Structure formats: C-alpha cells, structure tokens
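You will see two complexes here that share subunit A, one where it goes with subunit B and one where it goes with subunit C.
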Partner chain A sequence: MIVIDKLCYQSGLRYVNASEKFLYAVLTLAMCIISRSILTAAAVFSVNVFLTVTKGGTPFGRYLKLLLVPAAFLLMSTAVLVINISGTPLDAFAVPLGKCYLTGSVSSVKEGLTLCGKAFGAVSCLYFLSLTTVMTDILGVMKKLHVPGLVIELMMLIYRFIFLLMETASAITVSQNSRLGNKDYRTRIRSFGSMGSALLVRSIKRSSVLYNAMEARCYDGEIRVLSEERPAKWKEILCIAGYECILLGTVIWSWL
Partner chain B sequence: MKEKDWAVEAEQVSYTYEGNDKKALDSVSLKIDRGRKIAFMGGNGSGKSTLFLCMNGILKPQKGRMLIGGKPVEYTRRGLLDVRRKVGIVFQEPDNQLFSASVYQEISFGIMNLGVEEEQVRREVEQVISEMGITPFRDQPAHALSGGQKKLVAVADILVMHPEVLVLDEPAAALDPKHRKLVRSIVERLSEKEGLTILMATHDVDYAYAWADEIVLMHEGKVLMRGTPDEVCGDEDAMEQANLELPAVMRLYRRLLKAGILSAKGDSPRTLEDLERRISE
Partner chain C sequence: MTKRETILLKASIAFAILFAVAPTVNAMHIMEGYLPAGYCVAWGIICLPFLVAGFISLNKKINASRRNLTLIAMSGAFIFVISSLKIPSVTGSCSHMTGTGLGAILFGPAAVSVLGIIVLIFQALLLAHGGITTLGANTFSMAVMGPVMAFAVYKLCGKMNMNRKVSVFLAALSGDFFTYCVTSVQLALAYPSEVGGTAASAVKFLGVFAPTQIPLAVIEGILTVVIVIGLETYAVPELKNIGFLREKEVR
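And then the complex of A and B:
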C-alpha cells in the first residue's frame, strides 16, 4: 500500500486531470468486462502497461511484482474452472490419475483463458488509476460524482491518519524490540497486545486534540476544502474517446 | 470614559477539566494590548494551553469571562465563528492539526469555513503558500513532509484566515535549528509588518527574553508574574517557582557587572550579540 502511494506521487501522469484518468479507467474496465473476446483484454492490458510504465514512469519490475499479488488468486480460480476430475477424459487434455483423469475440455480451457485475460485487463485498469492518481485527487472526483460527503470525509481522514498510525505502531515496536519485547513467542504475543492497546488509547487522545484543532478553525461538522484542479486537455479527451470507440468496436465484434 | 478595547482580556477565568480536582485555570485575569509580543512561560500543566483554548472559545470558562477585541465571547455559532476568525491558534504538534494529506486542501479549510468566495480562497491560499515558502513541497502528501515543513503548513493554515491575534503553542518544539530559525523569522515579520498580536508559549527562556515585549509567568493555573522580560527574568524567586532558569545572557551580564568588567549603563543586553557588542565597546 505504501509502495503504491509512493509510486503514484512520483508518476509522470500525476498532474493529468483526475477526472480524465478516472473516466478512462472506469470506461476501459467496463469494456474489458463486457467483451467476450480475449483480444479486447489483451489490448486493454498492453495499453495500460504502456501508460503506467512508459508514460507514468513506474518501474517495470515494481509493476510486475504488484501484478503477482492478484495473479496468485487469479491462476488458482482459473485452474478450478479449467481442470476437472472425471472418469472419462475430455478433449483438451487428460492426465491419468489412478482410476480417473485430471482433465479439461477445449471450451473450458478457452473460457478459462478468456476469463484470466479479462481479469488481468481489469486489474491493469485499477493499477493504472492507483499508480497515477493520488488519493486526494480521487476524492475530488468522487465529490464531483456526488458521493455522500460523509464517505469522502471519512476516506480523507483515514488516508491521512493511517500513516500516523503505522508510524506510531512501528515506533512502539522498535522500542519494544530494543527492550527484548520480542525474544520469544510469549513475549511477542504480549508485546503485540500492549502495542494494540497503546495505539487505541493514543488514537482516542489524538482524535480529541484534532477535533479541537479543527474547531479552532471554525469546523462545524462539515469538512469544506478546495482541491487543486488540473485543467482537462482536449487532446487527451479526444485520445481517450477514440480509444474507447475502438474498444467498443472489438466488444461489438466479440458479441456478434 | 470608554474602556480601552484590549486584544484579549480574561476576567477571573477559571477552568477545571472533567474528572480533575485541580483547577487548570484559577481565576486568571489578564489584559493584552494590541500589537504586542507576549511570551507565556511555565512548566507543563501550568495552564498555558488551557488559557489559549479559552481565548479561542474551544473551552468555555466555568467562571469568569473572556473578551476578544473588547467584546465578551458569545458561545453561539455566530459568536464563535467571529472569535475564531480573530484568534488563530497554531497547535504544538502539527500532526494533530493537519487533517488532510493534501497541503492545498489543508490550507483552504479554515478560510472556506469563514464563507469566503471560492475564487478569493484560491488567491489567498496561493499567496500564503508563496509567502511561507511552501511552494517546493506543496504537492507532497502530509505524511512525506518533515516536521519543520509540517509546522510551516500549520502556521499557513492559520495565517490564511487573517487573524488579529496569533497564538503559537511552543512553535519551536522539536524543530531542527534551521526550521526553528525560519519559524521565528516568520513570527518576527508577522509582528513587525502586519502588526499582529502574538502570544507564544515557550520553554526557551533565552528566546523569550530576547523576543518578547512582555512575559507572563504561569504556575499551577495562576498568573505568577507579568512584566517586561527584565522584570520577570530578574525576579529569581518567581523564576525558580516556575522551574525556570535565568536567561544565559542575563546571568553572564550580571556576572560581568559584579566583576566590574562592564558598567551598568543603558539597557541590559537581551541577546548574546548585544552583550558581545557591549563588551567590545
């Protein structure tokens, strides 16, 4: 999570208008999912990798590592779709296993591959958004989409304070380690528990101080802030529109 | 005759926190003139922060009353809005004050709450960002800023609201020398150019002695002493009661007078530089 946060603050596409990026990611995601063809997914995936890695400057190695996380889940669930255990061998492949076969049909293999491809395409859309758009910008877009203020305010505060929480937790852990607080299993469990309670107490104290500080600036129950907006560029909008049209073409073709 | 309208006035203010027997403020009376630089000194728990929170209407005194700009604080929505516009507090720990990860959003919060037009808010935010030297890190998230940078944002948070009274709760605590100097030069500029009334809590005796027009010494919820830096720091008993040491420059100066190396003419030096000049004369 921290890696993604750091990367998106350094991304070359960070200052592109957030609504554009959001719209691009969501539209492409939708196309990728409704299409029946793996071609759409392949196009979506490669364009997203190009945008995120080449344009955005996210290191390719990092990107691959990030992809590994969902890949584990994806491959397992695809395997479930493709591989059957049956008494009779099916047409794609069959591995004898005692009396029965580990086997799959051509159609299920095709289906599995398409599904896997679609999922990777969809993941690449979300990675595009999260690796090029900082959280505060995404919140700005959500505000424009009339997401309830409470949700946005909560996300904003959580995003700010999760880093403080982690900082405090790691400081406590370091100080526990330096006093042999993790020397064996028992002490480790105890140290972890006391860290949890210390964090809770500190968070409650901190929240009341924060509330005072916000009240001191005339807080009245609603967080009103302005965000910086980067102007949308016609060229970029046209590119996105053109690309989505092409994708739509492949989607319609896949449905025919 | 019309009463003078003081910037901040406390009349017999008492406050006790819930679940505490000891009074955090014990009938404190204080009048602060406009445009002054006042240092508040005293140990932890001496009531400085509580007094500051009363000035801003965050805490309502259980006894006595606060007056801001000659008007008693009204604890209604409008009254509080008015008081909080006039009195801005920069809290000691910037991590407890900054609530947004975005510097721009953070600074726009206070002034938006005053109901200022969006266009003007943007202008003011831009202005304070460039004045405070925040531009180099304005696009960084709050969790990537250093302590000193966060402090600058915390001060900008308040300045953008154009307060008449600026309250700083230990502004130099936990800052490196470079940022301490920077924050202090900003404070200096605000008081000289903008004529703000500045109240500052600090533990740094040397700095308070050099900077302040007046020092308020607090102890156990009461004002122990108030006066010019020379009066307050010269009173060894009061300083000792507040667990404070004498300013280094004062100790040295007294010693030099005693030893007959310097003669006591003119004002006593407030900073080491002053003292050096006197010696070289």
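And then the complex of A and C:
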C-alpha cells in the first residue's frame, strides 16, 4: 500500500545493523547540507544510488519515480530564487516585460544549481534510510537515542494503525466507486467527506476495542517487541568512517 | 442533502473550475536538503517549547486514563491517512489535505503539535514528503502555526456565535492558508532576493505557490466541513468522548 515501506522490507541491506545505517545516513546528510560545493553532493548522490539500487536491489525505475516526488517543489522554489523582477536587467539573462525585466544574475543561477544538486544529494540520503531500514528498526534506534518512551510507543502504535486505516479507507473508496460515488466532482467531494468521517468513527471505536485486547494481554504501559540485534561489522564501520572523512575533506575544501 | 450543503458543493465546484490548471499539489513540505544547516537547527529549536507543551498535555491525558493512549495514536494515524489520500480535484492531478486543521479542531492544538511531528516523520520516511533536516521548519509551519491558527479562528468564531459549519470552514481554510504563508516566509528568510531582500523574496514565494495552495486551502475547508457534518450526524458519542462536543452543545 505504501511503496517505500514495501520496498524497504525487500531490500538487500535490510539486515545490516540499523544504528549503523542510521548514523551513516544522518552524517552524510549533515555533510551534504554543510558543504558549499556541488562535488560533495555529487559524491553523496552517486554513493547512495549505488548502495540503494545496486547493493539494496531497489528497482531503478522505482527509484527514479521517487526522485520525482519533490520535483514540483524544487522547480518552483528554484525558479523563485533565480528569477527577479527588477527595473534594471542583471547579468545572466533578462526578459523585458513592459517596464520591468524578468532577470537573474550569474551568481544566483549558480547558487540555484548548487542548491538543486545539494537537495538531490540530501534526498538520496533520506531514500537510503527509508529504502533500507524498516520502521521498527528506526524506532529501535530512536529508543537508543533516548527519545521519550511515550513518543516511541505512540509512533509504534501509529505505524500499525496507518495500515489498518488505509485498508479501511481503500475498502470504503472501492465500495463508493462501485456505487457511482465518483461520477462527478460534487459526488466526489461528498464521498471523500463521508469516507473521512466514517474512517474517524471506525478508528475511535477500533482504538477502544484494541485497548481492551491489549489490557487482556497484561498491557502495563509498555509494548515490548522482540528486536533482533545484528552486530555491526568492523569492516562496514571502517568503510563508513573512511567515507565520512573523505566527505569532511571536501566540505573543508569547499569552505576554504 | 440539505440546502446549505448544496450551496457549499456548488461553491466548491465553481472554485475548482476557476483553478482547474493546478499541477501536482502537495501540502507545502519544504523538501529534504533545501534549507541551509543553520536554519534547520534554528527552526528545530523554535519548535521545542511547543513540542514540550504538547508532550506534557499528552502525558497528562494518558495519566488520567491509559485508554487515551490508543485513542491518541488512532488520531495520529487518522491525520496521516487523511493527508496521504488523494483528494478530489478536477484535473485529476494529485493533491493532498494537510489534515492538521481538522486535527486541531477535534483534538486541540497541543496534542496536534506532537502528533504532527510524528506524522511528518512518517511522511518523510514513508511518502518522501518533506525530510529529516527540514523537519524543524516543517513542524513549525504545519504542526504548530497552522493548527494554532485553525484553533484560534475556530474558538473566535464560536465566541461570535457563528454557525458551526462556517466556523469549521474558516478554521480549516485559515489553518491551511497560514501554513502556506509561514512556509513562504521560512523560505524567504533562508533565501533573500537579490533585488529587494527578504520581503521581495517572501512575496515571490507567496506568488509562486498561490495558484496551487489557495484552491487547496478552499478545498480543504470544504472537505473538513463535509467530514464534520458526517461526524455530527453519526458520531455524537465519539465526539463527546474526544472532547469536541460538550453536553450543552448537543441538541
């Protein structure tokens, strides 16, 4: 139902130690953001694509499609950065528009391109994490980072409930469609609204039933799940450390 | 359908036709890696007091009755699911609600701040909307400012004895609209324009996202009203349970 969730359960890197993957993704992300050079971003992007697609076995077509998810935002915001409306033309380009110019400077075009590169580098880090690490493992890492127990508990329950509710929602939508609930815009709005309210009512009822079930199984404020600890391998840690050092080098170089 | 609902629907159709050319529309998440490091940290710190307040209020609710835990978790999942579903749009383009306005009206802004950040983490990791570095900025605009605005408008309309449907519509609309304004300002602060500085940049960001975000806000308002109508018709006991309706308000 959720593509990324499905893909990460099939990933070849799924059983690598989760803390290691988390640390790698976050460190690389930080390097990518701090760096001023597009070189860092390019290195980060290519290594992440290699790890996720070649090592992890995520289908490349799917990966490309996922990369297009933030494309609309990226295009619009970068256009805003690059294009100015001004009375005097700037050095890179200028389109006359009545009295004003749609114009941009060389430095802003450069900045815009670097930003796009950095954004894609950063997105590849996010995708590495979400396409190789299952949510329960990420929650395990957060527990080690001393995120409050209540938040972890809530996240675990919410993660479970998301799928329950999505299933209900899609069942309701199918039955609405089969009863012409989607025939024009007006019915579509009404169908969506009634689906939303039915969903909320069902989820409230379900939550109380679920609590009864949990209490019947001796729930005392903590859900204990068996998490299999997979030890980190020295080789992998050394590889990550070496890679981060190289990245740090390019970051320092870009700041000089 | 009552007469008022018919009018509402007709208005929504008129609006949708006006803006039929909207491309892919997501609620305005700032994408991963789009903000400079300093801003990522700063927005995260600004969110902290709101999150702590939300956490304390949730803790109180759960200590009052453990049963609330599953209810709160279900509400969080509901916000996620409602924001991940495609909402009807004329062109068949893909647009989503934010769901936080509805959440703020039903569960209050304090609870929504914590639920909002959890939902944003799931959206980043499961749907690739938003990101980890921009989590602070997105939390501030979507899980803090939007819901607070929606809740304030809802309460204000209630004080002025306005029709509940009108006030729900205005609350959801203004929550969505305010989120979009805050996000534009966040982007403008990080990237001031070469000509005219931050203010000019803010105007540009507002302008570029207006054609997609304003109709989205209107549709979100209408859908929220339709959902609340449905709830008031079928779910009075449940609404009382989550504190949305009080005894005196039930006819």
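One rule holds for everything that comes next: the second predicted complex is superposed on the first by the 238 of 256 C-alpha atoms of A that agree within 3 Å, B and C clash if a C-alpha of one lies under 4 Å from a C-alpha of the other, contacts with A are read in each partner's own complex, and residues count from 1 in each chain.
Everything below uses one rule, namely that a contact is a pair of C-beta atoms (placed from the backbone, for glycine too) under 8 Å apart; a residue touches a chain by one contact, two chains touch by 3 or more.
Predicted model only: the values in this text are computed from it and were never measured.
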Check the residue A:Leu126 against both partner chains and state whether it touches subunit B (first), subunit C (second), both, or neither.
second
For this session: Would you sort A:Ser46 into first (subunit B), second (subunit C), both or neither based on which partner it touches?
Result: neither
| So, does A:Thr54 touch the first partner subunit B, the second partner subunit C, both, or neither? | neither
Tell me the contact category for A:Leu150 with respect to subunit B and subunit C: first, second, both or neither. second
Comparing subunit B and subunit C in the superposed model, the one touching more of subunit A is C
* Which of subunit B and subunit C A:Asn177 touches, first, second, both or neither -> neither
Touched partner set for A:Met76, first subunit B, second subunit C, both or neither | second
* Asked: So, does A:Cys218 touch the first partner subunit B, the second partner subunit C, both, or neither?
  -> first
- Message: If we overlay the two complexes on their shared chain A, which of subunit B and subunit C does A:Gln10 touch? Say first, second, both or neither.
- Response: neither
On subunit A, the footprints of subunit B and subunit C overlap at residues 5, 135, 157, 159, 164, 206, 210, 214
Per the touch rule, the subunit C residues reaching subunit A in their complex are 1, 9-10, 12-13, 16, 23-26, 28-34, 36-37, 40, 55, 58-59, 62, 66-67, 69-78, 80-82, 84-85, 87-88, 90, 106, 114-115, 118-119, 121-122, 124-129, 131-133, 187, 191, 193-196, 200-201, 204-205, 208-209, 219, 222-223, 225-231, 233-235, 238, 241-242
Subunit A partner, complex, touching residues on subunit B are 53, 56, 58, 77, 80-81, 84-85, 88-89, 91, 93, 95-102, 104-106, 108-110, 112-114, 118, 121-122, 125, 139-144, 157-158, 161
The residues of subunit A that touch subunit B in their complex are 5, 9, 134-136, 156-157, 159-160, 163-164, 167, 206, 209-210, 212-220, 223-228
Within their complex, subunit A touches subunit C through residues 2, 4-5, 26, 29-30, 32-34, 66, 69-70, 72-74, 76-77, 79-81, 83-86, 90, 105, 108, 115, 118-123, 125-127, 129-130, 135, 138, 148, 150-151, 153-155, 157-159, 161-162, 164-166, 169, 185-186, 188-194, 196-201, 203-208, 210-211, 214, 221
